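Labels run A, B, C and D following the written order; every chain starts at residue 1.
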Amino acid sequence: MERICPPIVIVNFKTYKEATGKNALKLAKIAEKVTKQTGVSICIAPQYTDLTTIARSVDIPVFAQHVDPIDFGAHTGQILPEAVKAAGAVGTLINHSERPLPLKSIEVVVDRVKSLGIVSVICSDTPQMATSVAYLKPDMVSVEPPDLIGTGISVSKARPEEVLKTISLVRGVDAAAIILCGAGITTGEDAKAALKLGVNGVLVASGVVKARKQETVLLDIAKAMT
Amino acid sequence: MERICPPIVIVNFKTYKEATGKNALKLAKIAEKVTKQTGVSICIAPQYTDLTTIARSVDIPVFAQHVDPIDFGAHTGQILPEAVKAAGAVGTLINHSERPLPLKSIEVVVDRVKSLGIVSVICSDTPQMATSVAYLKPDMVSVEPPDLIGTGISVSKARPEEVLKTISLVRGVDAAAIILCGAGITTGEDAKAALKLGVNGVLVASGVVKARKQETVLLDIAKAMT
Amino acid sequence: MERICPPIVIVNFKTYKEATGKNALKLAKIAEKVTKQTGVSICIAPQYTDLTTIARSVDIPVFAQHVDPIDFGAHTGQILPEAVKAAGAVGTLINHSERPLPLKSIEVVVDRVKSLGIVSVICSDTPQMATSVAYLKPDMVSVEPPDLIGTGISVSKARPEEVLKTISLVRGVDAAAIILCGAGITTGEDAKAALKLGVNGVLVASGVVKARKQETVLLDIAKAMT
Amino acid sequence: MERICPPIVIVNFKTYKEATGKNALKLAKIAEKVTKQTGVSICIAPQYTDLTTIARSVDIPVFAQHVDPIDFGAHTGQILPEAVKAAGAVGTLINHSERPLPLKSIEVVVDRVKSLGIVSVICSDTPQMATSVAYLKPDMVSVEPPDLIGTGISVSKARPEEVLKTISLVRGVDAAAIILCGAGITTGEDAKAALKLGVNGVLVASGVVKARKQETVLLDIAKAMT
């Protein structure tokens, strides 16, 4: 497994226009540049169709946004863990609020990606849910209150108590857990506030992807984390 | 929209090991070679992660296996029609038995891919279902009885009446409909029997993908259709 | 199969507080009273848990809101067609916009409930979708544009062209089809407008269930349809 | 919340013919009789449509098989926690292997039913999953390996190590947790073996429901637990 050292930023490209096809490659290059400038581990999670091109073009960790709990076989239209690995992904988000999984599938997926050496980041909506999934021993746990996603109101500044509770509960399960938080993070100040609360990194999406100046915003966030 | 002329073969790569990553590219090259040898339109439907590489490497129609009923936006982990187009796909399967969609989503997807100039192939399990989706005016309709998928017992030889009924019902809705059939097709004889019943082409998967000699089998099927 | 003669009103109780438990029984009694007063066939679709009590207490057709595409067996938590029949339901909604089904399941469900003598009402969101499901030969087809559901803006007055298009298309498939429309119907005027367009009845929900005076509103609607 | 004291037996009626409608009531009466004879808490989980009649007819705890993560409102066809309570259910299964829920829904459902005073039994497939849901603080946790469900090969005798691991892990999260196990339990010997391993009760389904002599089998199981 690739070693990804905190502080960590994961940029979730979702299916935004500003992060599809050529735009995705452009944003990936920006993330690589900011990584070099700041030393902060910026991981990027583009769409499946862009994984191969991006993984070949940049030297930072590339993640899938989701994988299905399947093996090789007759699974038309589904996302095979081995396929995202072959495409160059070294990690994957799991159970994002916009792609929730049955608990039984989360368990299967974590086991499958572990066995393939793919970094697992299980997303959760609440501190309690984060604790629940921490027990499955993923490489990272992330908490993102869905009501703040895409709002520009950062969880780290608006609801620090949720982040603190997540840290306390998750560390109770796994003292060495790598914990990220997300939702509404758009500035360096938001990211710095998150680290101060005790997390090891942040998840960002629209705040960077839809910014008029993607590089400026991402650099601001990364710098604040050094 | 790319013009795809009958007789048509669509090779569904599913998530088979023999059609993932490098194996997918190898099989795509075989399909291109057989197309050139026979003049039969062989379309290939690899996994999302292999679309870009394959679309750049071969000169035959490349399809997605599925797309989600979404627009650009916050849809982590989902399949954006614009993304598969950007990756080079010129068509897509819709509602495959292994990736069924709510009827309302089928309707949305057909409209979305039409507006993008992507060829739509709606899959169905029964003659009645084929008729039902024919009404949504896709570019092609396919019928594949799920109980025969992967069995090597071809629908065209084992249950010709289902194929005939599909043709009669679908042509009642749309006299010019392009109709494919699939499930269990593994030989040229199966494919020839299908064309004789009146369909415009066949869908194949394991019969070709998992064959010890993929090229031999695909060539046998394509030759029988000329 | 119970004979239900147009004009028809189906009252969908959904999971509204005003139509749960004792409130459901009260509303059922109102529907029965209005049926007697007007001669209009008022069918009611309460929650599963209220089916037995209501079916025993009133002498009007009681419907389920949904059934699953299953047989007797190991299906914890699912809705067995035989169970709703045993509870006294004589019909069921299928594929309501709030409980959409894969197309393949719609087909299975229609066949299953037909074989049990349960009246099938397939719901659809658009004229095209209505036509598509008409091919499955349900007892009734309903069209309800989801964006008008619960708004109080009736489809029959705000978008008569959608209703007309549904009628024309569905009757093209099945000249004798019983067609209902719904969404936003809250007054007798709305219902009368619907009948005038040519449908055989209406689907109502919040307009009646959440009305301060349920009986007054339902009576207004039923009277306008005689 | 009703007090249910170990040893506990939960009989899941699923959608078996032998436990639908009149058969469901008959089986409920048997469970009540065996409860009186043995003093073992037998809880029964019939289908939604049978809840009202059964809850009125017997004096033992009646459970739902599932509830949806919803509030009062426009949720056609879904299972409202308040509705199963109004029907007389005092508890509910959650996340059964045959009705799995996204993790986020499990969390919502547990909170909702707690606030209504409904006993929550979260089902899980593996020891690890049991531990994961134990963090959500349900009233009971159950483990049932899906591959043994319906086989007649009991988890307590065939895979005692899975039961022991579940107990050890779950008690690590909550020392006072009430733990059940299930899958394949068809005899008193199976049930006794389960209690000996340290669980507080068992979940049974086909072993009792589909037995030629339901009462004999249930009595055998209950007696062995006293």
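Keep this in mind: a contact is a pair of C-beta atoms (placed from the backbone, for glycine too) under 8 Å apart; a residue touches a chain by one contact, two chains touch by 3 or more.
These figures come from a predicted structure and were not determined experimentally.
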{"item": "Intersection of the contact lists for subunit C and subunit D", "value": "none"}
{"item": "Required minimum of steps from subunit A to subunit C, each step between chains that touch", "value": "2"}
{"item": "Interchain centroid distance [CA atoms averaged], subunit B/subunit C, Å", "value": "37"}
{"item": "For subunit B paired with subunit D, centre-to-centre distance based on mean C-alpha positions, whole Å", "value": "44"}
{"item": "Between subunit B and subunit A, distance of the C-alpha-averaged centres to the nearest whole Å", "value": "34"}
{"item": "Sequence positions of subunit C contacting 2 or more other chains", "value": "97"}
{"item": "Chain-level touch network, classified as line, ring, star, complete or other", "value": "ring"}
{"item": "Chain pairs in mutual contact under the definition given at the outset", "value": "A-B, A-D, B-C, C-D"}
{"item": "Interfacial residue positions of subunit B with respect to subunit C in the complex", "value": "95, 97, 100-107, 124-126, 128-129, 131-133, 135-136, 169, 173"}
{"item": "Residues of subunit A touching subunit B in the complex", "value": "12, 14-17, 20-22, 47-53, 65-66, 70, 72-80, 82-84, 86-87, 93, 96-99, 149-150, 205-206"}
